[in-house]
Every structure is written in C-alpha cells, then in structure tokens.
Amino acid sequence: MLAERYSAVRSVTTALTAPLSEEDCVVQSMPDASPAKWHLAHTTWFFETFVLARANPSYRPYHPQFAFLFNSYYEAVGERHPRAERGLLTRPRLSEVRRYREHVDGRMNDLLAHDSPRKELTDAVTLGLHHEQQHQELILTDIQHAFSKNPMRHAYRDPGKAPRRGGAMAPSLGWVTFPEGLTSVGHEAASSTFAFDNEQPRHRVFVEAFSLGNRLVTNSDYLEFMLDRGYARPELWLSDGWAACVANRWDAPFYWEDPRRTQGQRNVFTLRGVHPLDPAAPVCHVSYYEADAYARWAGARLPTESEWEIAAEKVPCAGNLAEEDRLEPVACGPLSPEDPPAQLFGDVWEWTQSPYTPYPGCVPCAGEFGEYNGKFMCNQMVLRGGSCATTRTHVRATYRNFFPPEARWQFSGIRLARST
Amino acid sequence: MLAERYSAVRSVTTALTAPLSEEDCVVQSMPDASPAKWHLAHTTWFFETFVLARANPSYRPYHPQFAFLFNSYYEAVGERHPRAERGLLTRPRLSEVRRYREHVDGRMNDLLAHDSPRKELTDAVTLGLHHEQQHQELILTDIQHAFSKNPMRHAYRDPGKAPRRGGAMAPSLGWVTFPEGLTSVGHEAASSTFAFDNEQPRHRVFVEAFSLGNRLVTNSDYLEFMLDRGYARPELWLSDGWAACVANRWDAPFYWEDPRRTQGQRNVFTLRGVHPLDPAAPVCHVSYYEADAYARWAGARLPTESEWEIAAEKVPCAGNLAEEDRLEPVACGPLSPEDPPAQLFGDVWEWTQSPYTPYPGCVPCAGEFGEYNGKFMCNQMVLRGGSCATTRTHVRATYRNFFPPEARWQFSGIRLARST
Amino acid sequence: MLAERYSAVRSVTTALTAPLSEEDCVVQSMPDASPAKWHLAHTTWFFETFVLARANPSYRPYHPQFAFLFNSYYEAVGERHPRAERGLLTRPRLSEVRRYREHVDGRMNDLLAHDSPRKELTDAVTLGLHHEQQHQELILTDIQHAFSKNPMRHAYRDPGKAPRRGGAMAPSLGWVTFPEGLTSVGHEAASSTFAFDNEQPRHRVFVEAFSLGNRLVTNSDYLEFMLDRGYARPELWLSDGWAACVANRWDAPFYWEDPRRTQGQRNVFTLRGVHPLDPAAPVCHVSYYEADAYARWAGARLPTESEWEIAAEKVPCAGNLAEEDRLEPVACGPLSPEDPPAQLFGDVWEWTQSPYTPYPGCVPCAGEFGEYNGKFMCNQMVLRGGSCATTRTHVRATYRNFFPPEARWQFSGIRLARST
Amino acid sequence: MLAERYSAVRSVTTALTAPLSEEDCVVQSMPDASPAKWHLAHTTWFFETFVLARANPSYRPYHPQFAFLFNSYYEAVGERHPRAERGLLTRPRLSEVRRYREHVDGRMNDLLAHDSPRKELTDAVTLGLHHEQQHQELILTDIQHAFSKNPMRHAYRDPGKAPRRGGAMAPSLGWVTFPEGLTSVGHEAASSTFAFDNEQPRHRVFVEAFSLGNRLVTNSDYLEFMLDRGYARPELWLSDGWAACVANRWDAPFYWEDPRRTQGQRNVFTLRGVHPLDPAAPVCHVSYYEADAYARWAGARLPTESEWEIAAEKVPCAGNLAEEDRLEPVACGPLSPEDPPAQLFGDVWEWTQSPYTPYPGCVPCAGEFGEYNGKFMCNQMVLRGGSCATTRTHVRATYRNFFPPEARWQFSGIRLARST
C-alpha cells in the first residue's frame, strides 16, 4: 500500500519534468526558485537520508557529495551548497540524477515491499511523499519563472489544452455568512490521515461572525482596481507593500504582459504560453500586498486562516486541482455560474491575513524534521486551499501553506472576507 | 486641563534634548533612526497640521517647506523628504526649530486656553501628545545609537546616577500560572481613557492555560545561553533569525562591548556611558530573533500578546519607568527579591510571539490618522510593557508597541512563557 | 617665512568655515565627501603627526583618540574610523576641534619661530600646507554637496556677490595649434618651488601636433549637446559612462535644477544659492564621462595631460581663482571676449583623457608620505588647471589633480582638443 | 583562401565545445562570463548581421528574436537581452544553436566560395574571425569559472595530458635591458596583416631605458610573496587594490584551493581538474592589483605596454599557445632552462601598468564596428602576449588585450620590469 503510494507520487514528479530539456532542468532564475534537476535530486536525497540510511546503518550513499549538493536547509544534517548557486550545478548531469532516482527507488521498493519497516520509517516515507508533492508544485512555479525571463516565452505544456475557456462572465460576487462562536481548528491528532506538524494540535479559537466571498476575485474584478489607479494610491497599501510596489514598479499582477507592446491587448504568460487574459478567471500571481490592497479598495478584507478553515471544513476538497493520473490543470480556468458556491479548493492559493505562527501547544517534530516547518514561522503569511498546480491528494482543509508577503511567483490569488 | 497636559508633555521633550549639543541633534546614524532635531520638529508639525490648520482654515504655516521636511509618513498629507536623508538637514538650525516649537506652542496655548475647541480637535491634541511621548522614547534610543557609532562613547546622562546598582543577585526564576478560558483583551471603547486605534476593539479570545516567568530574563541568564554557544547553534534559531545572526555577526546583545578589548571585562554602552555589565539587570537590546532563540534554548517560549495582557491587567502599571517630572531611568536596574512578583511594566519592552495584526473588527481612524498604525501591520512583532525610556503616563496593559524582528536598538528584552 | 606661510594658509581654512554653523560642520552627505569639522581636524592631525611628533619624541598628542578619528588613509599610521561614518562624529564638538587647531598652531608657531627645524620637518610643513590647501577646496565642494541635499538650498556665501554676471555672450571658440615634438613635462627636481611627488620627475615625451580650444566649453555650448539628445545617444559615450548615465539618470550637469519645477527656467545651485544658468559661463560639475561624450559629439576630444601642460607652461598662472586674502570666487564667471586667449587656469578643473599613472622613473616619497599620491594611481583621470575654489598659490602648470571618471561634485569642466 | 580560414576558425569553436554537455553550455556563473551556447550563437550572429545581411539586403535572419538574444553590446544594432541573464536562455536549445551555426556557415560558404565579395565584406569576415578567436578563449575561461563553482570540480579536459610536468625548477630570474630612445609602436597601417583599430596608428613614443624580466613570475616566486604576508600588508597595494583584497578576502591567486582542506597540500583547479601546484609554472589568475603588489614587493614594477611591445617585436610569436589543429595547451607549463630567454608569448597574458587608452590620432572604425574597441577605453588595463588558451594565429606583438584591474578569471600573470 505505502509502496504503491510511493510509486504513484514519484511517477508524478517524473511526468512533470518530461516536457523539460536538459537545459531547462539546470537553470535557476532567482534565489527563491530551484532548478528542476535540483528538485529531482533533493526529493530523492530526502528518502536516502531519512529512510534508507536510517533503515540500514551500513547504507552507503549513492554519491559522497550529493548530501552536500542536495540538502535544502537541514542544519542538523550538515553543510550545504549555497542556495543561490543551485543553478550552476551542471554536474551531475540530468541523466545521472535520473539514475540516482532509479537507484533510490529500487532500494525504497525493496524496503517497502519485502521488509516490515518500523513506524518511524513509514512515517518518514509518508512525510517524504508529501514533501515530494510540495516540490512538484515548485517544479511548475519555478520553471514558469525561468521561462518568463526568456523572450522566447517557451510553453511548458501544449497551449491548445488550456482549461475550459471562453468569454463567459463569472457569476457576480455574493457572500456566505458564518456565526460567531468558539470552535476548533487544526488537525485532530487521533485522525488516521496525514498532516504536517504545523497543522497541529487541533485547538479552540473564538471567531466573530464573518462573511466570505462566494467566489475568488477574478481578473475582471482586478482590472477595475487597476483602472481605479490601485497601483498609484498609497492609502490602499500597507507601508511595506507600498515600498515593494514602488521599488519593483509593480503595475499589474506578475506574468501580465505589458499591453503597450501588443496594441493594448492584455496578454498573460502561463505554463501554456502567452494568451489573452480571461476576465472570468481568478486573478493569479499577486502578492499578499496586492491582495491586501485590493481588499481594502473593495471595502473588504482578507480572511483569517481560522475563518477560511471553518468554511472549508464544510465543503468537499475538490476543484481545479491536478490529478495524479492526469495532471491537467496548470492554469486557472474561468469561473462559471455552474461552480458550486464558495468552492474553496483549487485554482489559486488564497492569501489569508494570518501571519504564519505556531498553534497553541504546538510541538515540532523531533530530530531533523523539527526543521521542516517551525523555523519558518516568521515574516510569512498563510495561504490556504491549493492551486491548479497542486495535486488533489496533497491538500486539505487544515493545510497551511506559507510565503513571504512579497512573493508573486506562486499560484496565489484573492478571496474576500468581511466582519459582519 | 488639556492645556496643562500639553505643556507638561511638551516640556518633557525639551528636557530630554537639553543634554544634547547642536551637532548631536542633527545626526542620523541609520535610516531607522531620526535626528533629535527632526523629532523636535516633526512632533510640532503634527500639532500644526492636525490641530492648528484644522482649527483655523486661514492658519499660515510657520514655514512653507516644513511640511515637506517634517512629515514622517503621512501619504495623505503630501510628499516628504527622504527618510534616510533626515540627517543632512543642517538647515533649519536647531535654534530655528526651537523657535518653531515656541511659535506652535503659543498658538496651541491660545487655542486650548481661550477657545472651546471642538471634540475632533481635542482628540487630535490627545493623539498628538501620545505621539509626542512615543517620539520621546525614540529621541533616547536614536541618540544612544548615534553615540555608539562614535569611539568617544559620549554619555548622554551623568554616569553617576545609574539606577540602584550592586552585585545583588536577581531572584530565581519562578512561574505564575493562568487557567484556560474565553476572555477579552483590548481597549474598551466606552472607557474614558485614551488608547490607539490598534488596541481596539476589546474582543473575545480563547486562551489555553499558560505560565509566565515571574521576572525578566537577566544578563546573567543570558550569559549562560552565550556560554552554551547559543549564537553558534542554528537549531535554536528561526531561519530568518539565523540568517540575520550570521549576516550581522551577532554574538551578544547590541551595545555589549567586545570583552577582548578590555581584558575580558564585559562592558555595556548605555545612555550613562560605558560601565560593567550588571548580571542582575534584565537583558536589553536583543532582537526578536535572539529572544526567540533564548526561549527555545531555555525550554520555554515567548508569550503571546493575549497571554501577556491577561497577566498585565492584574498588576499595577508601575516599575522602572520614567516620570514626567523627574525623568530618571534610562537604564535597566538590577532586579531584586524585593520587586513585586511578575512586575510586567518598565525596564524593557517584552517581545511577544505575536505578529502585529489588526484586532477582529478593527476600524482604523478616519482620515490621515488612519495611517497612524494600520499600515504597519505586516512584518512586525508586538512588544508589551514599556521600558526605562518610556514615560509612565504613556503605557498601559493594552498598549501594543511593534518593531521588526531584527530591531535591536530599542530597550527590548525577554519574558518567558510556557504552555501548561 | 615658513611661519608666515603657515599662518596665512591656516587662516584661509578658518575663514572658509566661518559661514558655517556647528550643524553644517558635522554632516557628511556621501562617503566621498567629509564634514567640514573633519577637514579642520584632519589637517591639524597632519601637522601634529608628521611635524610635532617627529620634532619632539616626547610630544603628547592633544587627545589620545584623535589619531584614530582624524587619520584619513595612512595605513602606516594605524587603524582609522570608517570613512563613511565621519558624519556621525558629533563629539568632539566643533568648539573642541577649534581648540585643537589653536593648540597645534601654538606648538607649530613655537617650532617655526624659535627652533631651526631640520629640513625633513620643514619639508613636512610645506607638504602639510599644500595638503591643507587641497582640503580647503574640498571644504567648499563637500559643503555644496551637503546643502544641495537639503530642499532649503542654503547659500554658503552672499548671493549678491556672484562674479561678473550678465547676458554677455562668450567669445566664439577658436583653436590654438602646437607642433609635434619631443619635449619635457613634469616638475624639475632642481627647482626651488614645491611640487608633489606625482609631478616628478621631469621627463621627455613625444607629442604629435595638436590644437587646443582657446576657451572652456560654456553652458551655452553644452545646452546644444543636450538639445541634440546627448544624454540619450549611447554611441556618444564610453561604455562605462553610458552605464553610469543610465543608472544615475543623468540628464544634465550636476547641480542643474529640474526646469520642470520652475516653468522651464534653467536654474543652477551654487555656493551662492540658486540662480539662473549663465550661458556664457563655463559648464561645471560634469563627470569625465560627460566631458568625453561632449567632446565626441563636438567632433573633438579631450586633451592629454602632456598636451595641456605644454600649453600651460606658456601662460601665466592666473584666472578665476581664489586669493588667500580675498577668497572671492566660488563660482564660475561668464567668459568674455576680454579674457586672454586660452587662459588655462581657474574657473574649472579641466578633465584630460589621461588616466592617473606614475611618471617614468617616479619614486614615491619615503615613509608615510609614500601613501600620499601613489596608491591612488588606478581608476582615476587627471584634471588640470585649478578652479574657482582653488587658491591661486596652490596651482601650477605641472599640478596633477585626479578623480574617478564618474565624479561630478568637484568644479570640473571641459576644454576641447584636436589632433591636427 | 578566406573561405578556408573561415572553416578553420569556425571548426576550432566547435571543437572547443565538444567536451561540454548541454547543461554545461547553458550556465552563466557570473555577469562577466557568458554561457558557451551564447558564445556559439553570438559569434554566428556577428557574421549574419555584419556580413550576410549586408551582402544581401533581402537576407532574412534565421530567427527573428536572435538579434535581440545574441547581440553583445552593439547599441547601434538595437536592444539586447540583459547581459546578466544570458544564463537563463534554455531556449533556443543547444541543438538549435548548432543548427543556426550550420545555417549561417552554409550561407557564408556560398558567399565566400562563389561570389567575389566586396572589400567591406571581406574586411568584416576577417574581423569576425578574429572576434571568434577572442570568444574561443572566453569559452575556456568562462567554463573554468563555472566548473569552479561546483564542488564536483569537473575536468574540462583529460587530466592526464597536462603540459610537460615535473619537479623541475624554473631558471633563476634575469633581466634584459633596453636603451632609451624615440621609437615607434603600434600596427603599421600599410601592413598586409590584420590588426584591430585599437592597435593603430603606429606612432612615436619616447621610452626611457628599462629592463624586463627574462621569464614570467612563477608560482614559487609568488609563494614567497604570500609567505612574506603579501596579502596582509596594505603598503604593498594600490588603494583600490587593497579595498578589493579585503572585500573579497583574497589570500591567494584565483583557483588556488584552500590548503586547510587538503592537509596543507596546495592544489589548483584547472581545466584539467584539480592537481598539485607546480612551483615552476607561471603564476596565473592574478588580478592587476595582485600583479602590481607583487611587483612592488619584489622591488620592481610592471612594464608599460610600450616597453613590452619594444621587447616583443624582437622575438618570435611562439610559446605555450594553442594550435588550431591540436588545441593542446589549456594550462601553463613549468618554465624550464631550455626556454628561450624572455619568451614573451604564451602561458599567461601579462599585465602592463598601462591603462587602456586610444593611441594618438586613433580613428575608430566607422559604423557599428566603432563600438568594437573604443568605448571600453576607461577603467581597464592592457595585457599583452597571449596565453595557453589563445590560438597562436590570434596574437601578435602589437595586440592589446584589456580587462578591469580586479579581473582574475582570465589566464593573467606577471612579468616584471625596472627603470634603469
């Protein structure tokens, strides 16, 4: 069973890199991003280090330098190659990294098929698979960023197959209301399903009455903000946000192409190439600062993560997400009146107004895994709900994603909230 | 009555700058700090702009360029001199700025004494006085920073009068426990006392049972952390904190002098000059990152701001704070067994683990004052309790101070908490 | 005799700082500039260190920390305060630095009046006086820079006394030709007059025939270059120059005010305040890159330093220079047909196309003075002829000034040359 | 004849990239370096733009975006991809760039074989071939830099074939003297051989008597400088050089590995992998600043470019250079007593003390080629003599190479000179 999950998840990673050339796999277009080859190797190093080497003390690593090259941030495991120089690693070649994956997969299959690994190891495998799913989404967001820096604007995936397109209007925005109350959020420890340590423990919170927008903010909505000079009015922005807006000369979401180069036509660059902006699709690739400014302009605010979770527990975990066996969406589709109201999963990660902090009574994992989540609990904002680049099996109502407030290269969008 | 408060508060500012030379008043030692002369002028500009000009539409500003020079960050009020270049303003001279203060004080006294100003104006005056008190503390922290950059290590105030000194040991650390419960925090709107918009509204929170350290962490405590290689162990630090520690080569709190230059003697630079470290005094001038790392090392954590406030509501607002008519403390005194247990006010601002975010249902002030607090609600951590540089009349249990997690030049220290 | 020179030169420095307030004297507006107080102290430290302490081994410095604070760049003399932090030195106060000057002047007068100092010391005194004259010009250029950063645009000197003004046209540009030949340049060692080590030895050079413009390039000339889009045409610029132009958004000489803020009126900021651009005055405050681009646009080139010196040896060292006992010029006057043709001294330093390198057979001064000039012989361009801020007694035909090619805050202008 | 040269030179480029993988060819390890794929494409774009498009006005470029991607710095030819982002161009793929080369080679062969191109075109072809040879050396220096950033330390070429190795001692250093005199340097315009515009015109210079070291400075010589604390003594360095030394923590030539990681063994990283330092080989990969400091320490100086050229005109253009049909050297061999005295070509480029400036009467090429050399004549130092990575057919006595004084990734070394 775990062996099957292992194969399924690892295959998705391979499938995601299939459209990439050797050259595509080696570049790093900014320090925040990593090369696809590095993602392939790092996720493999994770299993080698935290499963194979623990299961068998005499396990000899595939290559003595890979631990140095492919450790991401585990201080407890030793020194690392500088993050900003991952794109210089032309060696080992992609073919060698693929052999590394096969080698580790073979050993992992042996372990999972024939042995009865102890719980500590199966837990590490499960964590490793969720870890790999996180990197699957990063492979997509990082390569989109790399391709965007190239005037050739190469399409990662066949442009013809973009999700249901059309001039259809999105439904008008409505509000779903929730009463005040003392309730619980977070992952129930007794549950049999997986959750990261940062989703635990389940704990009580008092939440005032609130309303949530019944759909995401669309490109059409966002264009109104832009037409109303949203990017030129400091009173709409957080102070740090305005500084970022000015310093980076933001005047539209990331990946929106300059319409002055295309006779006023608004195009966006996506993993399916450059195509005209779909007004009915959710706005995507906005920073927290832009989401916050938009909400203020709209007379609303962003939800807290508790509010979002209270709402999400009531709806199915479904939407414009990737399926392991199909992997279709890597773009936001247009919203349509047929969508279930307040569908909270898929399309774009939704910025919340909650900084990423530990839950009350939170106990980080022991050992190296204690570094997995806890040490990032500063200067980051929580996002919820998964995106069109997230695998459906990876997300859930309690899932806490997090990025710095200026990050724009993720599939991040906006849902409004209001105090009532 | 308000006229008397006006005079009292304004006099404190004048008294605080009395020990400074013209040259001392003009320098800016880093972009985060401001020259004393600028503080003198900016607080005056506040009353001129938000009180005098509103009270009398034909009011003619003292100088046509002062609004440009001395506006801090009010986008709604117009363009401003660049923050990082405040230290280049040799003109207007200090004497001219003092005349500007006298001019505005004269008009303010007229307004407050003879007219019956409408509530909007008296509210603005009250806000302006609390604003001035904030700048009073900044005058002290900013000049300490400036003097610290000068090898002459000039003492702001007579070294002989440091608060109760001695080799006395601090009492050993104990814990005060608090039960779980649904309770309220924040400022009650119906109250007759002043509070900033960011302290409102009073609202319900559910808090798990917790304990709070019954005294601040001392220099002696902190030296143990240092001896245990606290500045060399990444596993104790937040990821951003470790990066800051490495990049800035932190190896002790700010203003601790390098003992290798003094035959191993640990000295600290204070507003009263350089003197030996007092082991019984609270550790001061640590960043949030250091406070957080210390707490992790000590097997504890920092309190949330709700926890802190629940505890503080039960104790008097007293401690090692400045008095308007004496102004003595500008250094932490040694803790002593005679101190009341869990005295939460004075000596040092206490870092909480709470990012600075809006309270549920928070409504920012209307107009320009909406910029006072709200736009800084990102990338900052809340501190509570006031310091030896805070005037006693300025602080209260609900007061929320905030600084970025790397800030060290404020009088910031550590109180521990635990989940129980 | 030397005692009289000492008093005369030192008095000029005092006179130059007379119009400055204490606050003016402490600021440093960029790392390349220094505070006036620092100039006052550093020139004094020079005599204390290189004359008084050498003359009398038991000489006790005026203050034990001044050597650390006021050493500029003499590695041989020990550690130094960081250059970029000179503006933070509010202590010692200006009054204390003036006492320091008086103290050292007293000792120097004793030495020069009563003793018969050995040649090594009188040589050091002479060097120190020329050194002080260099700093006199820097006091002016540095304070102009500081005042320019302040929107109050304070005038250093009475605006009413600007040099002969008027709408007079400059004479039209003519050329003076010089034949090819093997000739000598540099300072003759046997001469009784002073020269720096970098002007020596006098040596032979072969120079092709050339012509030199018979007057400086004027503001009017330069405006034609600007109207012809000189700042927008990369083909006119050196590669590094174009990069500097783009990065710094240069579109006019330094200190030219933006005419969009004054209804199209072209104003310049000078030490005599803001006034309308005089078309007949030499263009001033241009970088080497701008001078070079202008020359290319004009179908000419800049002279080499040998060419300039060959021409200058034939004309008197006179022009719009400062006189020790009057100190009038600190601005360029308009050129007029009455000027002697090809007056090469005064008004502005003239950029040459010669990088600053050692003369053949150059031997740097022994000891600490070896650091005076030689170690800067890289990445700098030679300027010749003195400016309106240079004292007439300080400049001569062989004098080599040098600044990096992007420097603009000096009184630097343009003379054209041509190969014939 | 020109067709044969074209094929010969183009083949060398192909041969040089043969050992590189697709991934190796795409990376850019610093802004000063370029990816091998970019070099392959840029040199091809040169012929397409400056020969094919001029020969046939209806020539249609191979790809409409390649002019944007592969223009290096020709402002006259239009906008360009940012230099620092050349390493992000995963598309076009290497295979596509190879097809581009083949396409252009086909058209060039047609032009050169069948037509009788006019002189302007054959001149452009000749320039293009020398241009390509410059990029051949850069392909080597840039890939060495890229490999050096990878802990795998991949060897570009078979380590077994390093040039004549051994413990042999270099001959002791002697001096060759040259008399003073008026002489000529530079390329004779009437000559039938090729030279760049920056080598012209041949012109008279007066040179004082001088001596030149009869061999290059060796690793053994340089180690003495290091043992004598050469990297810790500011008095040996130019001011900018010392700043670079401190800022970059230089303590040895570039590519020398830290001996603390190898039990004190001094290793160097070369294109043939890591191997022990050969004491008899010329020191390589030093900046101008290091060369200058070494010379000062050695009681000598660097030669001027005139001095070097006077000496070089008397010796054959031979040495440890690459041959078009063998390409062997890419490392410095040990010097040996059998070497001809004062062999000035090969092994390493020799830093001169001459800044890169135009020769008297220099006329840059007309049109776009005017940008080839002239606009770099600032902030660069001249190097002479070619290196082990230079093709023998590319270098000559009048050849002026140039790099900024801090550059270390070229094959740059030291020859001493003295005034006599």
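Letters are used for the chains, namely A, B, C and D, taken in the order the chains are written, and counting of residues starts over at 1 for each.
The rule is simple: a contact is a pair of C-beta atoms (placed from the backbone, for glycine too) under 8 Å apart; a residue touches a chain by one contact, two chains touch by 3 or more.
Computed from a predicted structure; not experimentally measured.
Q: Based on mean C-alpha positions, I'd like to know which chain lies farthest from chain C.
A: Taking each chain's C-alpha mean as its centre, the farthest from chain C is A.
Q: Between chain A and chain C, what is the gap in Å from one C-alpha centre to the other?
A: Here chain A and chain C have centroids separated by 58 Å.
Q: Can you check how far apart chain A and chain B are, centre to centre, with Cα atoms defining each centre and the answer in Å?
A: Using C-alpha averages as centres, the distance is 38 Å.
Q: Mind checking the centre-to-centre distance between chain A and chain D? Centres are C-alpha means, answer in whole Å.
A: Between these chains, centre-to-centre, one finds 46 Å.
Q: Mind pulling the residue numbers of chain B that touch at least two other chains?
A: Where chain B is concerned, no single residue meets two or more other chains.
Q: What kind of graph do the touching chains make: line, ring, star, complete, other?
A: Looks like a ring, each chain touching just two neighbours.
Q: All pairs of touching chains?
A: Pairwise, the chains that meet the contact rule are A-B, A-D, B-C, C-D.
Q: State the interface residues of chain D toward chain A in the complex, per the touch definition above.
A: It is residues 21-27, 29, 37, 65, 68-69, 81, 85, 87-94, 146-147, 149-152, 154 of chain D that touch chain A.
Q: Over in the complex, which chain A residues touch chain B? Could you list them?
A: For chain A paired with chain B, touching residues are 73, 75-76, 182, 203-208, 234-235, 237-242, 288-289, 292, 304, 353-355, 357-358, 360-361, 370-371, 375-379, 405, 419.
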